[in-house]
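In this document, chain identifiers A, B and C correspond to the written order of the chains, with residue numbering beginning at 1 in each.
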Amino acid sequence: MRGARGVAPVAILLALAACERKRPAEGVAAAAPAAAAPAPGQPLLLGHVASLTGNEATFGDSTEKGIRLAVDERNAGGGVAGHPVAIRTYDDQGKPEEAAIVATRLAVEDRAQVLLGEVASKRSLAMAPIADRYQVPMVTPSSTNPKVTVENDQVHPYVFRVCFIDPFQGGVMARFARQTLHLSRVAVLRDVGNDYSVGLADFFLARFRALGGEVVDDESYKAGDQDFKAQLTAIKAHRPEAIYVPGYYTDVALIARQARELGMAQPLLGGDGWDSAKLFEISRGALEGSYFSDHYSAEDPSPAIQGFVSRYRTRFGAVPDSMAAMGYDAARIAMDAMARARDLTGPAIRDALAATRGFAGITGTISIDAHHDAVKPAVVLQVVNGAGKFVAAVQPD
Amino acid sequence: MRRLRSLALAVLPLAVALPLLLGLRAVAGPYLTIVLLDVGVNVILAVSLQVVNGFTGQFSLGHAGFMSVGAYTAAKVTLGLADVQLAFLPTAASDAVVFAGALAAGMAAAALAGLLVGLPSLRLRGDYLAIVTLGFGEIIRSVIENSPWLGGALGLTSLPLETGVVGVGLAVVATVVMAWRLLRSTQGRALLAIREDEVAAEAMGVDTTGYKVRAFVISAAFAGLAGGLVAHLIGSISPGNFGFVRSMEIVVMVVLGGLGSISGAVVAAAGLTVALELLREFQAYRMVAYALLLIVVMLARPQGLLGTRELWEPWRRRRTGGAA
Amino acid sequence: MPARLVELLQHLVNGLSVGTIYALIALGYTMVYGVLKLINFAHGDVYMVGAFSGYYLAGRLVPERAAGAPPPGLAGATLQAALVTLGAMAVCALLGLAIERFAYRPLRGRARLTSLITAIGVSLLLEYGFQLQPIRGLPVAFPPGPTPRFFPELLPRADWSLGGVSLSNYDVIGLAVAVALMIGLQLVVYRTRFGTAMRAVSFDPKVAALMGIPVDRIIAGTFALGSALAAAAAILNAVPRPQIHPLFGLLPGLKAFVAAVLGGIGSVPGAMVGGLALGLAEELVAGYTASSFKDAIAFTVLILVLLFRPDGLFGRARVEKV
């Protein structure tokens, strides 16, 4: 058969492809050790991998602004160990492959001391092997999936995060809904294409059921949808007492409005993806009385937080959202570790990051645990007059 | 004798490529390596789509869907066999054999998907075929997203990082050889006849549906190969990698290179990938520059960079009139 | 009314409301396809530009009212809304003309996939151009950047509950405007000299040119008209769902393309029916089956329709000429 001729080269190809040595680049990394310490006065480089364009560009944009603010403030105060700090940001368009390429470029070509990023877990997962391979510590500001730092019970040696993880945050809201609000029937509306939303929804459901609550409906949408009334109408028929919507604010604002338009008065519950002044601007009162878990409250009167909010507002003309605050903290923790490290090589900075205890961040007092995750409390905020009002702080288990 | 000759023609380029690739692997730094791997994967995608869009003149917009089938199948195989060690081989060789098997499984699964999609939809023509292939691509993505076994929205993680310069290089050579041999075969002549005039081809006794489906299956198989390589390049895959936008990117490479030109697809895929990398400094302005580049190149060379010609035949007259 | 019936009626209202938007965008696809046999992949982004034009115009014409200030009378608000909509339509008509002139006309007569690439180029240019940070020194913050914007409420909203089924004046206005535009378009196509010329160009541009029809002007006019319709759709969508951002045309553009094909691309009533059918199908799928499979099921329906009616619901079967 003529068609069979095409098969021969394929078979040969596969046999030859099999000759590949396992992880060839490991040898390369050993030959060229991680970034050597720069000479005194030379800038230290933070490499930021961000989605500056694409569907999630608004989050990359906020994170970048938070990082810039942190670095400029540190440089104004003399930099790190006699070095000024520079930032180099590359756009990954929200694509994991691009995140991997960009991380390699920052780690190997640009010799960044620390990698910052990504917002989304799937892109941080593409960066993690690169951080390990080239021994450049990576601090992700807001990737909440547990797998980012720990895969198959193994901790990525060079990967850290400054945010809490999905099981904790989902559990916080489940406990709050069941034990504080005494709800027994809730519905869930999740973003099926977003691992953050799916993860939070799953952990919320598990915890809420374990606490004796009933989940009456579980619906999905897709980021970028503009009409959610089909799902909301279906949810309405089940008469839940509240709806858990662990999505990004870019969708939640329209969801809230449309729920009210359908005559649904239930409070919505959500997570840190809600945190943005835009949410309240666009939802126009539709979220009054709803609750969400977050890292901190921008309304918190503490001078540290108010100082950050006002400096950010002066510089960028907007109230910082949680991504900006997380970017700010990630950059500050990275610089703090560089200042404490015994030298400015990757392994030394990694050790200093792992030893971070009681760091006074904007988003809480942060300690890094054995899994390289941030141990810090979550807060539950209630939407009152178009802003998140502090209701409760929940300590980690 | 003929059989021997065709075998030699298939093997020879691989044999020549192997030492070159081994040399390249030794000298290329990590950053150059990952960019080269990206280029290679895009070349495989563009050349394989050329078989459907360029040779056969059928407009497929679902290439990323087949890529995802290959990627997930290969990933499932390597994850499932992660602890398997072939007793007669050292660990590294054993892993490489598993990886090769995984790639083959990915190609087979993608080919099967190509058959399932192609059989019903290839009755449709032009833009209707485009929308149906686009639809199938989105359906595949949606099914993966909803399947916990395939990792849902987060996807599969902790894949072994097996993809290297040699593997991708050989896959590229194999893809190009496949396309080239196909074009020179009876099958290829039939495909070109379908592209130029489907009705006339049918009248001349060409089994148009059969040839179209075969072209579609071959194309899907190589998309699956690219998918398997991508999965083991970055170590994780998620459904978001394989959306409609990805399919569009591949179509852009094919048309920009010149419909029907294998070397055109190679040049365009490599050129666009490298151009995007060089534009990296411009941050958010990068994609604006890329968009302008597309428009300007297309206006300056409406027939594509190489038209229907190949790189090695610069003075040959245009083989045929404009493609569909 | 029994609860199940209320739920069904509510789904029908929701589905029509979304379908109206799809239908209006699909009209633009279908018109351009009719004369050029070209899928204008930048159409969804023209729709996005329409929304932002309305946003910037409204920022000038309808200043944010201070809390407690008396709302403008209904007549005043209607006038403002009409002005904003017409202004956005004019901006998009100009944009459509520019796109046609610079990206498509030079490639006319070339392989059709060639224009597809410039269409994608224009689409990326608009999407990523609008995601850039604002240029300093402009009177308005342009480009808007990636963060979503709140689209101002042009008309006061009125919600009605008919036996438990929620309905708003926006839904009614949207459907009325869409139907009016479709009837108007049908009249233009079949009752005017421009429409006659359009159909002639669609039938055979070469012969049309020989008959003295200014083909270039007709095609340009069709682009302008289709783009203006996209702007109208954008405003009708952005008022009830007041959040706009640079990628906001991507998904509706894709869906409307599907709707146009479903109805039979090239057919005006087909686009309308295709849009409404897609809106209703999505709504019922999401409401009554697993909403996580919404897109998959919508595409499955599309594929089945096309397999049994390869030219769409309203498309004319083409006769192959040898």
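Basically, a residue touches a chain if its C-beta (ideal position, glycine included) is under 8 Å from a C-beta of that chain, and two chains touch if they have at least 3 such contacts.
Computed from a predicted model, the values in this text were never measured in an experiment.
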Tell me the shape of the graph of touching chains, choosing from line, ring, star, complete and other. complete
With contacts counted as C-beta pairs, which pair of chains has the highest total? A-B
CA centroid of subunit A to CA centroid of subunit C, Å: 35
Chain-centre distance (mean CA atoms) for subunit A and subunit B, in whole Å, is 33
Can you tell me which residues of subunit A touch two or more of the remaining chains? 52-53, 192
Can you pull out the residues of subunit C that are in contact with at least two other chains? 128, 131, 290, 292, 295
Two or more other chains touching the same residue: where does that happen in subunit B? 145-146, 284, 287
Subunit B contact footprint on subunit C (complex, rising order): 33, 39, 103, 106-107, 110-114, 116-118, 120-125, 127-129, 131-133, 254, 257-258, 261, 265, 290, 292-293, 295-296, 299-300, 302-303, 306-307, 310-312, 320, 322
Can you check the complex and tell me which residues of subunit C touch subunit A? 3, 7, 10-11, 14-15, 17-18, 128, 131, 145-148, 150, 159, 161, 166, 168, 237, 241-243, 245, 247-248, 250-252, 282-288, 290-292, 294-295
What part of subunit A is in contact with subunit C in the complex they form? 52-55, 57-58, 60-61, 192, 219-222, 224-227, 229-231, 233-234, 236-237, 250, 253-254, 257-258, 261-263, 278, 281-282, 284
Subunit B-touching residues of subunit A, taken from the complex the two chains share: 2-3, 5-6, 8-10, 12-25, 28-29, 32, 52-53, 89-91, 93-97, 100-102, 104-105, 108-109, 121-122, 125-126, 128-129, 133-134, 145, 147, 151-152, 191-195, 197-199
Going by the contact rule at the top, pick out the subunit B residues touching subunit A in the complex. 3, 6-7, 10-11, 14, 18, 25, 29-31, 33-35, 38, 91-93, 95-97, 99-101, 103-104, 107, 145-146, 152-155, 157-158, 160-162, 164-167, 170-171, 173-174, 177-178, 181-182, 185-187, 214, 218, 221, 230, 233-241, 277, 280, 283-284, 286-287
